[in-house]
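Quick one: this structure, given as structure tokens, is what I'll be asking you about.
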Amino acid sequence: MRFDGRNKEELREINIEKNYIIHPEGSVLISAGNTKVICNASIEEKVPPFMRGEGKGWISAEYAMLPRATGTRNIRESSKGKVSGRTMEIQRLIGRALRAVVDLNVLGERTIWLDCDVIQADGGTRTASITGAFIAMTLAVYELHKEKSFDSFPIQDFLAATSVGILEDEAAVLDLNYVEDSAANVDMNIIMTGSGRFVELQGTGEEATFSDEELTELLQLGKKGIQELIQKQEEELGASITALIKGE
Amino acid sequence: MRFDGRNKEELREINIEKNYIIHPEGSVLISAGNTKVICNASIEEKVPPFMRGEGKGWISAEYAMLPRATGTRNIRESSKGKVSGRTMEIQRLIGRALRAVVDLNVLGERTIWLDCDVIQADGGTRTASITGAFIAMTLAVYELHKEKSFDSFPIQDFLAATSVGILEDEAAVLDLNYVEDSAANVDMNIIMTGSGRFVELQGTGEEATFSDEELTELLQLGKKGIQELIQKQEEELGASITALIKGE
Amino acid sequence: MRFDGRNKEELREINIEKNYIIHPEGSVLISAGNTKVICNASIEEKVPPFMRGEGKGWISAEYAMLPRATGTRNIRESSKGKVSGRTMEIQRLIGRALRAVVDLNVLGERTIWLDCDVIQADGGTRTASITGAFIAMTLAVYELHKEKSFDSFPIQDFLAATSVGILEDEAAVLDLNYVEDSAANVDMNIIMTGSGRFVELQGTGEEATFSDEELTELLQLGKKGIQELIQKQEEELGASITALIKGE
Amino acid sequence: MRFDGRNKEELREINIEKNYIIHPEGSVLISAGNTKVICNASIEEKVPPFMRGEGKGWISAEYAMLPRATGTRNIRESSKGKVSGRTMEIQRLIGRALRAVVDLNVLGERTIWLDCDVIQADGGTRTASITGAFIAMTLAVYELHKEKSFDSFPIQDFLAATSVGILEDEAAVLDLNYVEDSAANVDMNIIMTGSGRFVELQGTGEEATFSDEELTELLQLGKKGIQELIQKQEEELGASITALIKGE
Amino acid sequence: MRFDGRNKEELREINIEKNYIIHPEGSVLISAGNTKVICNASIEEKVPPFMRGEGKGWISAEYAMLPRATGTRNIRESSKGKVSGRTMEIQRLIGRALRAVVDLNVLGERTIWLDCDVIQADGGTRTASITGAFIAMTLAVYELHKEKSFDSFPIQDFLAATSVGILEDEAAVLDLNYVEDSAANVDMNIIMTGSGRFVELQGTGEEATFSDEELTELLQLGKKGIQELIQKQEEELGASITALIKGE
Amino acid sequence: MRFDGRNKEELREINIEKNYIIHPEGSVLISAGNTKVICNASIEEKVPPFMRGEGKGWISAEYAMLPRATGTRNIRESSKGKVSGRTMEIQRLIGRALRAVVDLNVLGERTIWLDCDVIQADGGTRTASITGAFIAMTLAVYELHKEKSFDSFPIQDFLAATSVGILEDEAAVLDLNYVEDSAANVDMNIIMTGSGRFVELQGTGEEATFSDEELTELLQLGKKGIQELIQKQEEELGASITALIKGE
């Protein structure tokens, strides 16, 4: 039993508020326990310079935290005049993950920007960002699809992310909150599709290492969590969008 | 009659959600119509270098917009690597205004940081930030007061802000939304105290000018709006904090 | 009687040296007491990207201080690698003020750059910059007018600025020098046209507030000062340019 | 058979030139095929501010490429004035990996800096950096050990890294060069210890995904490569240092 | 005969206005023909971190141009956010040159800052800066000397600088203005002391080269110019300061 | 006799490894004693914006040191976010020197980039960079010449650089290493062509000055050293390229 009452293979409560901000083409407030992220999707009718003229689309993500999303106030990255290594790593990860389930040729020469702004943090902000950004992106692409009638729906599979880890007492657990994350020896982020394929696997020993057996147990827990998250995404997006994604 | 149905001296609907984020010492989500700002107050037990050893406190503000707070996506200031002139002007204004109603000697050698993050914008984001930041600051100072028992309550008056302007058809109106603000010839921000004194007055002709008579009318409208905002602040903060501020 | 011998409604001595620097299209060294600012106007035959193709002109200002313009040496903003919030606020103010008296459609698709470089500071540097920049700009536009024969003269009114304030002993005074400015509770910058209309009004309580009556007195003093400054501008520019501006 | 003649489970030729640069405490030129990296280890007798007074050491890495390490000249990051997201991600990875095999308490309050400068690139620069940096670090720590006589040798296990991937034709291969890396659907970096435990696992689908079975095959190949690399490290470091690391 | 009427070994007219700005410890406006530079000397009672506790002083220079010092407006370095290579090269040169004639041990643990701000440029701005900065520095040190009674006067020799060059028609000339400088094949800056010793010699072929004979001729011209400049410095500083410098 | 056994007019041993890096159009590893610099030449088929359409080429250089090229680790300029004044001065010098022996009209509208990366430093890094960059540039231009058949060979003379200096004991010496350089009173860099003409002369007193006689002796030593360096360049480039440069 974990200190917040969950068992080792239990996700925190997920809430998704669709159309949270009025301006973006797709917008979601996702909360996973006390972690809250605003995920906004914007459609821009052009692609980065290195891709122009190829007829393909692009997906790009940005991630930030409000200064008091955390227990102690952080200095704003705009005040520091530069984006930290951690932020860059996370936003590259979000963009790469989303691109894995989108047919960029069908999308056509336009960019989808995903802005993931953490307004309250309690561990797992990058995985909540991916799970929420998938919904925001899908809402935006669905509107575009209604307008443009793509030959097929550009989003070809569901996508969600969660974290798993090994705590100091060697227990493997699903969906770590901040206290657990700080104490974990091994931390792994798993991003998978609705059809059960891996998109990204990032396992890190924090001044620690892990064995083959531990890897197997972590992957097991992660898959279970992802399935529940994708179940939740299907409910939120509804039957008709789900069918489009599944190509049914 | 204005296009959103208000008459010329009518504020937009104000909503205030207290304790919105769990980590900060004071936190508020303020909405004025479609403008929504998260105002977080943090207490830091030190002051900037130029003030050390004087026994006085300091109040500092930062302001930012999420990229999709607006109709078109803005580039993040952290990505640009610098804070725009507009942002600096606004955060200097917020800090200066709040300092006008706080006895920094009573506060003692600590800094109150106010983070105003606009999650949705529809005009009047700087005035909503001030009105909301006053409540977040008061909540944080009240907690500090309970713990430290200051000789007197450091906050000595209420403080709110609103905008007034002259539209293209020469009508003076209160509390401009984005569409009105874009079309206004003259734009004035007024910051006043609960006792009806000016803290800041910023009237600007946008490729236009204004007369003495117009100034008088704008000030009239502004005062009416501020009184209503301070009425709302009193309700939200409750009788006992209101009494502390009023020194009753 | 003020410590430099002036009465409360007396400006410092104004000197204007026209054609001070040989290269710019318009150039002025303005001194207001010990405050000295070089104001250079440059004509650039293009406008910023966001305005291209509209056939309208633009006016942009930059402001800086030499490191030893002040009593203590300041670090150069180029060495710090960024422009301070104060500098940005001032240069935005100068540009906005000048645009209020220029018909940008008549000016045509070109930019006037105003560089205001304070070589010696004793309070009121931003208002001296505006008063001087108006002359530098007018000299540059007059040369352009002789060459291009605009249908009408693009500058449609005189423009000057001054400061007023309330000292610690509650006296309202005109044109504060550095010592007075440091001691003032309330500080107001007023920018007005030759025809007596407001362009910008910025009143600020420095950890202080002000009443309606005080506002009235400050505006009175400011108007008197502006009229004298515009009188001076007319003398310096001469009868024929004055007539062009007044549309006579 | 791969286009450079290797079979799918074959590493490129590894060469290690010890004491390559005269100044650093440890220095190595590592080449893996055409990829060449100078790895220098520096001992600094202090730790970052957030760790002072704890008696623990720290390991920090920096990574860079010469502009013509690659086929097309890259703009120098010092000229751009900022370090790219990719560079930050790699240098965080190198530091984290090395810390996993070092007992920072034994090391004591000092920092080991690892500078990995790629002078020629042909894929796998981050994994070659880790494999080479481990040797440079060990050489530096060995000198320190001779001087300080630590209670135990601070480096507690061998550490090496390699890449594996799935090519377009679905073949899983070990140690991708640049051409293979560009064409791969899935790319995985594996960092392991001499005792066969994982330190870091980063598997990424590049607009692609991978199955459980493919993961298993990739891990198999990676382990084989790592064992050969560690064999090579043992030879280069010699019997006595190898015994120290193995605690024999 | 040169196009401005000078012969080949003739300096432009030099004017020196002492105590030009009221705040600095030493201040000079130097003009050499149309080149005008404000040289301000500031005394700071500390030295850079790397020199603390040695009891020695330091001299540091900064150089800048107003945007319209030149025929075409330059972008301000503070707006670009960085100082150009040319600026850095010049300010390093000025500081180094001045340090060559000052006994830093006598000066004691303080820094003299020299700010050279070019308000109008017509070639030779760096040499005019050095010649003027020497006077500003001497005025500041003289005040310090009156107050502190150094054992000896810290400035031990006069110092001036000029340029020489070889024009397209192969004529060697003294003190190039902008037009000559742009057309010169070879450009040499010479910095010498009152006692005729070299402090710095920087000869540069601009896509051109020069022979031994040409070098000899350039040095000849330069020495003549420097002697005249130092003559002028002696006049401006007066007999008593001149005697202090000469140790008489 | 110098402490490393050389006499006063003796160069350190020079080694040149051609085609050191496989990707650049020209590549050299030059070592002068313990100073080692990788010089890479890249051809880019365009010129900087200010030169477009003139049909002329351009040569641009960049210079950097690895952090542990020196005895103490230096902070990377990319981490500091800006290039130091020293670096800028050196890279401007290298580019300017190389341009003096190249006919940019013959080269045509393309840029040659020279990257000089110091991997190990022991004094004289800028002069070794120039001597090595000349060879890398020549190798790259020779390849281009074979392909394009220029009317004449764009490189019109040999070019090499060395340092001379006056040590504390007043001895003038050739080719200073780091220890000598640190102790020298006067330091001079000389860049000359194969035909014995000066390209650049930079003599600097480090808190010291030098006389006419000392200048003469330094120039003598420098010329001798340059002749030996150019002899070495001829050997490395071979008879046919040497003939092309000499126009034979």
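Going in written order, the chains are labelled A, B, C, D, E and F, and every chain counts its residues from 1.
In this section, a residue touches a chain if its C-beta (ideal position, glycine included) is under 8 Å from a C-beta of that chain, and two chains touch if they have at least 3 such contacts.
As the structure is a prediction and not an experimental result, all values here were calculated from the model.
The minimum number of touch steps linking chain B to chain C comes to 1. The chains that touch both chain E and chain F are none; no such chain exists. Shared contacts of chain D and chain E, meaning chains that touch the two of them, come down to F.
With respect to chain E, maximal separation of chain centres occurs for A (centres as means of Cα atoms).
Note: centroid distance chain A to chain F, computed from Cα atoms, is 52 Å. Averaging Cα coordinates per chain places chain C and chain D 60 Å apart.
Averaged C-alpha coordinates give centres for chain A and chain D that are 29 Å from one another.
Counting partner chains per residue, chain C shows two or more touched chains at residues 81-83.
Chains in contact form a single ring whose order, set by starting at chain D and proceeding to chain F, is D, F, E, C, B, A.
Those residues of chain B that touch chain A in the complex are listed here as 21-24, 27, 34, 38, 40, 42, 44, 62, 64, 66-71, 73, 76-83, 87, 113, 115, 117, 119-120.
Contact residues on chain A toward chain D in their complex (touch as defined above): 82-86, 88-89, 91-92, 96, 99-100, 104, 157, 188, 193, 196-212, 215.
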